[in-house]
Every structure is written in C-alpha cells, then in structure tokens.
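Next up, some structures in structure tokens.
Both complexes below contain chain A, partnered by chain B and then by chain C.
The block that comes next holds the complex of A and B.
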C-alpha cells in the first residue's frame, strides 16, 4: 500500500538532506585533516554562503518572489551581532561616534548571533506587510528599493555602523566546524520549512496565487511569515560571516553581494534545497578558481595588460547561460533523488 | 443552509450581479445555469469570499459571511472547486491533497480521509507523487474535487467541472457529482452543460446578465422555459456582460 507511511519512508523522504549533510561533514573532515589552510578558508566561506543561500531559498525559492532585500538583512545581522560581541574598548576606538549604550554591550558570540537574527527578523516583520501584498514586477522593484533604504541607513548612521568606514575588531568565531554545523542546521531547517504546512502553502501561492486564495490560503500572511523566517536566517548568516571576516563595511551588503547570492540560488535551482546547495558549491568553486587565474594572469606577465573583474563577468555569464539553457536551474524545482531511494 | 439575498457585485464600473437571491438547503444539489457572462462564477466567488460584493447579504448556517476572508469561510465549511481546475501544477498530487486538508490538523483523520479519496478516485493513488501538471484534464478535475473534499465541506461549490473535458470524462464527472449528492453532501453546481446538470440537480436557477431569470425544479424548468433560449436567445443588453 502506497498510502501507508513507514519509518523507512520517512527516512528515505529525507534522504536527500541526509546525503547533503553527510557530504558537508565528510568533506569537512578531509579538509581538516589534509588540506592546506587556503582550502579550509574557502570551505568555511562556502558553508557560510550556504547558510545565506538556504535562507534566501526559504522565501524566494518557495514563493517565487525575487528578494533583493535579503542581503540587507544579512547586513543587519552582521552589524547587530558584531556590536554585541566586540569588546567595548575596540568599539570605542573603532567607532568613535557610537552611542555609549551600544559601546557597553558585550556578550559571547553565540547569543550575539541569535540577537542579530532576531533583530533582522524584527526589521523584516516591521516593513514586510505592505511589501508582501505586491507581486510580479512591482514587488521586485519595491524589494530592491527597500535594499537601497537599508543600505543608505547603514552608510549614514555612523553612531551604530561607523558609517561607510570599516567596522573592525570583531572577534573571530566562525571556524570550519562552526560553519559546517551552522550549514547542517540550516539545511534541516530549510527542509522542514519547505515540507511544513506554511512552506507548502507558500509553494501553492507561487504556483497560482489566485487558486491559492480560492482554496482559502491567506497569501499575504503566508508570504509575510516566510519572509520574516527567511530574514532570521539572513541575520544569523550575516553574523557568522562577520565573525569570520572580522572587519567589514556596509558596502559588503549591497548589489554585488545580493547578485552573487541570487546567482548561487538560481544557478542550482531556486525551487529546491539540493538546487541551492549545488549552486552555492558551483559558484564558490568557480569564483575561487577564477580569482586564482586572475592573480596568475596579472602576476606572471603572460599578458601585457592587467585583468580585473574576471570573476564578476564570468559569474554573470554563467547566470545568463543557465537562464537560457535551464531556466529552472541545474537541479530544477524538485529535490534530487538518490539512486538508493525508493522509487515512488 | 446558504441564503443569498439581493446580492450585487461588480468588477470596477461593470456590474456583474444586479441583486440576485438564491437559496441552497441542506443535502440539496442546486444547479446554477446561464451563458457566459451571466454572473455564475461571480456568484460563487462572492460566496467564497474571493470577490467582495457591493451590496446584499450572504448567510451560511445562520451566520453572515459577507466580507469574511476566504480562509474563514473555508473553515465554516464552504469549499470551492474553481473554474479551470486550478490545481497546483508543480506540487505533487499528495501535496495538493494536503493543501485541501490544512484546516484540519488531526493526522489520523488525514490518513483516513486520504484513503477515502483513493476509494473515490483510484487514479490519484497511482499518481500520488507526480506533479499535478502531469495529470490529464480529467485527472486534474478529480484532484481538484478531491482537494476540496479533504476539508470536509458542508457545502461544495463546483465551478464548471465539465469544462474542457472529453465526453467520457464528462460522464464520469457527472456520475461522481451524483454520487457525492447521494452521500448527502450539499452541492452548488455551476454549469454551462445545462442538460447534464439538470439531470442530477434537485433545483435550478437560471441566471441571465446578472439577474435570476428562473428558479424551480428541473421539471418545472423544462416546462416553463426553453433551455435553448437561455443560451441562444440572448439579451439585447450586452453592455453588462463580462467575461468570467
């Protein structure tokens, strides 16, 4: 009987996620044991990117709404977590105009990351209701405008962010293992969300907004709560990134980065978690290789002029090619099925 | 059970319903007939809350459901199968069914409901993990009806369930509608296929350009009104027609 669900079925249903987690952890062990520090760095960065892309997938992949604002919430999380965890003396020196109350805050990194996530979610909750009523082109433009607003506030509010200047002295926290654990937790969260009642209703509204309304789905509410949840992941991801990179400025959370995260998601396939995963891996590996190539070209004297922006151009071209060749992404909308998973 | 009084609805400046009144009693199968633009779908959309009526009243089980949100109306027990089988094409059959049931959270009941649906629609069990978009038109219609039934509706509203189906499939669908009626489900059926609809209906209303032209039993209707005139006689007042 197909209608009977056994425990085995439940495990096999999640086999994709289990396999992705296994790959992440296994590679981490290999990296930790054998690889040179450069590889460990790249892998840590990949895991942090994966957290961000999975958070983006939660809302954008399941709702079909292009979410430009996302990277703004990454920034909010990064700043809030950094302000919470950076020692007072460092802040007093690094951010001369900071409000005294903020300078005094000092706490361990883990709660700081969570507060970063909550603040990002709270900002999302405060601004998203009108945004979620909009669809199609209008929605995309409005979300883009929201990113600009967040960016301007970040660059101008120098009592909090140090303005356009660099915020430095953030304690290093995001090691390889922290990043891997974070990525694994986010993988499970994104999967549970996708299969939850909320995620299912969100996917239904992506398929056909009007039909969803007709069967009693409150599309605006479903989008709203998903957007807030997605922004929480963005905030935590931003915090982890800040505690990896240790110094950053608001320009790290703007169009270039938004575009990079979107590319990671769209290349693999925004509709599925395996898509988000593979897109992140492909784009990260490609960027690193191109960066090496660019460095080598400029230093070795093989060509007589200097090359800049090879990575950006290539990532953009990759996106164009994918969108023409496979608009749904390499993996597409449904999760990859493993050969040993039971055929339904 | 459902009482609609003097309902007026419009799309912007165009009035689609000029104050219609109709009633559906418990256990009845009521057919709502009429040409394109008569206001049939508008009536259903107003009842299920997708469209906000301008004036009038809609009462369900003694409670006014005018201007309530679609999800609250669904929870009160009105389920609609929209025109054109609006199933979710990229979601699997199982997910489509789950969406129909999301108002009732009991897991045990959900499994039982699923089994009932498989008994009614065996094809759905075979296709459980396929995307809805891969189903044929008739299968999609079955899925749409099954999805609506998953919420245990007191009143099921079907909007043109035979639209665009093969003749054999139309037979199947009407057989199914008859079966649902025999099970005691109250049904409000909108159809262009008047002949077929009248065969299964207990009572019928005929809508014409936003007015109720006739109401009564199918036998009365056949006696008093030439069905063909409803569809082909046409009214000269085309200005109030809208495409639904």
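The block that comes next holds the complex of A and C.
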C-alpha cells in the first residue's frame, strides 16, 4: 500500500534533480548580477552543452551503447532550426544553392527549435531500428559509420547546408536565461525518462540483455524508442547551440565534437544524471581555463613558439586517468542524494 | 581491364590489406576497435620526418626506425592506457582508445606543428618503372612485394610458432587460452606490437604517396582499415586481408564508374556498405569463429 504523498515527498524523492536545478538557477542569478560578460558566455555555453550531454546520457548512459551518431543528430537539429529561423534574404545571400522552397521558410525561433528536434527524431526513427539490433563492438562500429554517413551528406548537400562552407546569419536567440531554462527542462526530462518504465527496462537491458529478454523486455524496441527520444533532445540542443553561435559548418558535428560530448558524459559518469551534470561542469571549466592559458601563452611571448592542442591533450589525459581509476566516472552509476532526503 | 587498373588495384589492395590486418590483430583478441591505430601510422611518419630532415641517417635505417617507433608507440599505449582498463567495460576501452588517439594527435600538434611537413624519401621510390607493358611508380610494385612478404611471414608465424598458436587460440576463446597457461599480458602485448609494426610499414607507403606528414594523416587509414575489416570479416586475419583487397577493388571501381557529381558521396556509399554488412552478414566475407553480438 502506498501512503498518501505530499508535495514535500515528491520533492524529496526527486531531491537530486531539485538540487541540480537549484544550483543551475542560483548560479545563473549570480552570473547575471555580478559576473563579467565572459563568464555569462561560458555559463550559457555550459548550459547548452549540458542539454546535449543529458540527451546523450538518456540513450548511452541507460543502454550502455556508445552512441557516436548522437552528434550527427545535433547537427541535423542545428541545420533544420537555422534554416527555419534565418531570414530569407540572409539565406539567399549566404547559401547560394539552397532550394527555393527552403529559402522561403521563415518562422520564430521557438517553433524552429522544435522542428529541428522533430526532424532529428524522425531521421533517427527512420534509420535506427536495424542499428539497435547490434550490441558491443559491432554496434559501436555501426553507429560510428552512421556518423560518417551523416557527415558526408552534410558536407556535400550544399542545396541545404551550404556544403563544407560556413552557414551564417542565424539569429541570436540563446541568451543566458533561455539556456538555463532549456537545461532545467532537459534535466527534468532526463530524470523522468530514467525513472520511467521505458528507462528502467532500458537499464535492465544494459545490465544484462539476456536476462532482460528472458523477463519479457523487447530489447530492440526499448532501445529504439530511447534512441529516438535522445535524438529529439540532440536536435533541440543543436538548434539552441546554433542560435547561440550564429554561424557554423558541418565540421562542428563530427568526431572531435562527438569526443568532447562523450568526455563530458564519461568523466562524470554515464550512468547517472548527476554524473552527466558534473562531467559537463568539470570539462567545460577545465577547457575554458586551459584555453585562457593557451591564449595567454601565445600572446604574452613567454615561450617562443605557438601553442596548439594543449587543451585537447589535457582533456584526453583527464579522460584516460578517469577511465583507469574510476571507469564508472567520478559520480558513478547512482545519483547523488542530499543528506536530508530519505532513501527509497 | 587494363594492366594499369590491375596493378593499381593490387597495390592499393595490398596496402589496405596491411592496414586492415594491423587493426584486426588487436580486435581479434581484445574485441577492441583501436581508434588510436591511425596515430601509430602518424607517429611513424613523423619519425621519418625527424630522422630524414635533422639527422644524416640513411633512408633504409630511417624506415626501419620508423617502423620500430610505431611498434613501440603501440606497445606503450597498450601498457599505459589499455592494460589498466582492459578488465573494465568494453566502452571504457573504446573511449580510452579514442582518448589515446586525440592525445597523440594533439601532442604532435603541440610539439611539431599543425601544418604538414615534407618527408624526404629516396627518389627511386617514386620513379616510374615499366612492367608487363604498364608504367607505374616503383612504390606500387614495392607495396605489392612488401605485402606478399609480410603476409607470408605472418602466416608462418601464426601457423607454426607457439606464439602464433597461442594468439590464434586467444582470438578464439581468450578465457580458455588463459586457463591453458598462456599469459594474457604477453599475448596482448605481442598483438599490439605486431599491429604497430604493420602500422609502421603502412606508414612508409601511405606517407610515400604524398611525401608529407600532418597530424591527421592517420585518420584515413583508420577508416579504410575499419571498412576493410568489416567487409572481410572481423574475426579472422584472412578476412581482413580479403577485405583489404575487396575494398581496394571497390574503391577503384567506384572512382571510375560513379558520375562526377556523386564521387564526393563515395565515402557515404562505403559506410552504407559497412552498415549493410554488419546488419546482414556481420561475419563478413570470410566467416571466423562464432560470436554473439546481436540481439533480436
């Protein structure tokens, strides 16, 4: 028998998510009030990254399948949303070969973001079923191959994406508060997904797919729906990113970025939302500091040669060290809990 | 079928077969797709660059040292990065291999330069020779000869030495092989060293095509090895070799037959083929031992 639940119970049950959202919003207020614009920029970027990493966590963290293709769906969302929201005149100038029907489209940013998400999810839904049948090394290769296919199409289909050249003139939309609100919504969504029946079945299939099949879980179907849901968030996240950065090219949705998102997820711990959250924060902060250092080294003339790649080297070392010492990530597979929250 | 096409395809196929073989040596035993494999090729390329430009080392010694350097890099990455995570999840190992790849690439970026560097090679390497009425760079003929010699040597090693038998057994059933008293670390280290040696040899010919080396030079060979192994069969060494030649053939045929507007999509076609292979014939052209990697 379940006793009557109060709002307080519901909040305490979700203490992790409540705490994470509280931190996110509180820091946003502080940033907004006191911090210089550089910090606000970094924080906005962090929130957008968080949305993407949480979407990645939804599928990868709960299914145990290394999802290389994810960043491809981020790209699809970014392009679709940008095509929808960018004024026709800008597109006609910036993307000379674009199909006339696409040039005419123009709508506010919010519906454009959603359409980006839906298109990404639709593409995922169209191709994912057979891919979800594969596990382990073969599954990883397939998803990696799928990323390359998406990338080749993005760089070659210049009637839509402007080919390998930059797509510019996207209206700026993703302010600090938009990014924070988006991150909060995604946090709740990722949490609800993880605790839902679908999420639970997906996690069961991750821990032992034969046992999961034996108790009647349709592993392929469970993976499929989660993959599509995760791709939707990828699409929306990509759209938000595009409306923050305002000009980009297909290069931004390839192996380097896939690796960065994976690092953020794996460093904190792919198995939990608090892991995804902390990994994103740690990697973003570390990268920003190192980039400042790199810039300072190059400009101040302390050393006689230009420094490239210091950031990437350090992030890669961090990742290897984490994988050796704490392969489950810093937080690991279970959510952090506030001290006053009771155990389930 | 002109003679030129045959020689081109054979030489391209030989090179691709060596690339694929290097990748599959590690995959067979650890089930690890080593994303850092391309970087062994890059390291050997930079070895040739440094030795060729800054030291008076003769070209043959440069090449030998470069190959050994690739093998050493491969061994060191195994020792430092892969061994500690080997017992953890497959994902941990895959992400590690990717991190190693990023690390090596950016280390070169940091230490040398993001720009391409010219690699001095003996002039004879690119000289044209005429064979059976076909004029082709000597490099192409050398590729074929090297591949034949290496494949023969590796076949003998795998068939008739204790080490080879242990490695084949480990690729089949690793746990059982360990129960038979074969040391896991030794077998895996040797696999990485052979993989690195092959990467070094590939590097000589791959770098030889453009006579220059840049931090991203390993990316293309990695992807080629990837496709070739999947097509040929990921669970057998023979499969990798066959896959390499099939890919060389397919690549040349697609390059000739695809209309100009579609040539840019060639890579997409290749990877769609990879996906189709994995879905419908995951064991590849050459069937290896039984593996369970699919649900539903």
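Keep this in mind: the second predicted complex is superposed on the first by the 333 of 344 C-alpha atoms of A that agree within 3 Å, B and C clash if a C-alpha of one lies under 4 Å from a C-alpha of the other, contacts with A are read in each partner's own complex, and residues count from 1 in each chain.
The working rule: a residue touches a chain if its C-beta (ideal position, glycine included) is under 8 Å from a C-beta of that chain, and two chains touch if they have at least 3 such contacts.
Everything numeric here is computed off the predicted structure, so don't read it as measured data.
Undergrad: Looking at the overlay, what does A:320 touch: chain B (first), chain C (second), both, or neither?
TA: Once the two structures are laid over each other on A, A:320 reaches chain C alone.
Undergrad: If you count the residues of chain A that each partner touches, which comes out higher, chain B or chain C?
TA: Per-residue touch count on chain A favours C.
Undergrad: Who does A:213 touch here: chain B (first), chain C (second), both, or neither?
TA: both
Undergrad: With the two complexes superposed on chain A, say which partner A:201 touches: chain B (first), chain C (second), both, or neither.
TA: first
Undergrad: Counting only touches as set out at the top, which of chain B and chain C does A:146 meet: first, second, both, neither?
TA: It touches chain C, and chain B stays clear.
Undergrad: Both chain B and chain C touch chain A; at which residues?
TA: Correct list for chain A: 213, 218.
Undergrad: Spell out the part of chain A that touches chain C in their complex, as residue ranges.
TA: Going through chain A, the ones touching chain C are 64, 66, 130-142, 144-146, 148-149, 152-153, 156, 209, 213, 218-220, 256, 259, 262-263, 266, 270, 307-310, 312-313, 315-317, 319-320, 323-324, 327.
Undergrad: Inside the complex, what are the residues of chain A that reach chain B?
TA: 2-3, 197, 200-201, 203-204, 206-208, 210-218, 271, 333-334, 344
Undergrad: Using the touch rule from the top, collect the residues of chain B that touch chain A in their complex.
TA: 45, 48, 50, 69-71, 73-75, 79-80, 82, 86-91, 95, 98-100, 102-103, 111, 114-115, 118, 125, 128-129, 131, 147-148, 151
Undergrad: Sort out for me which residues of chain C touch chain A in the complex.
TA: Within the complex, chain C contacts chain A at residues 27, 31-33, 81, 84-85, 88-92, 94-96, 98-100, 102-103, 105-107, 109-110, 114, 223, 226, 230, 234, 264-265, 267-268, 271-272, 274-275, 278-279, 282, 293-296.
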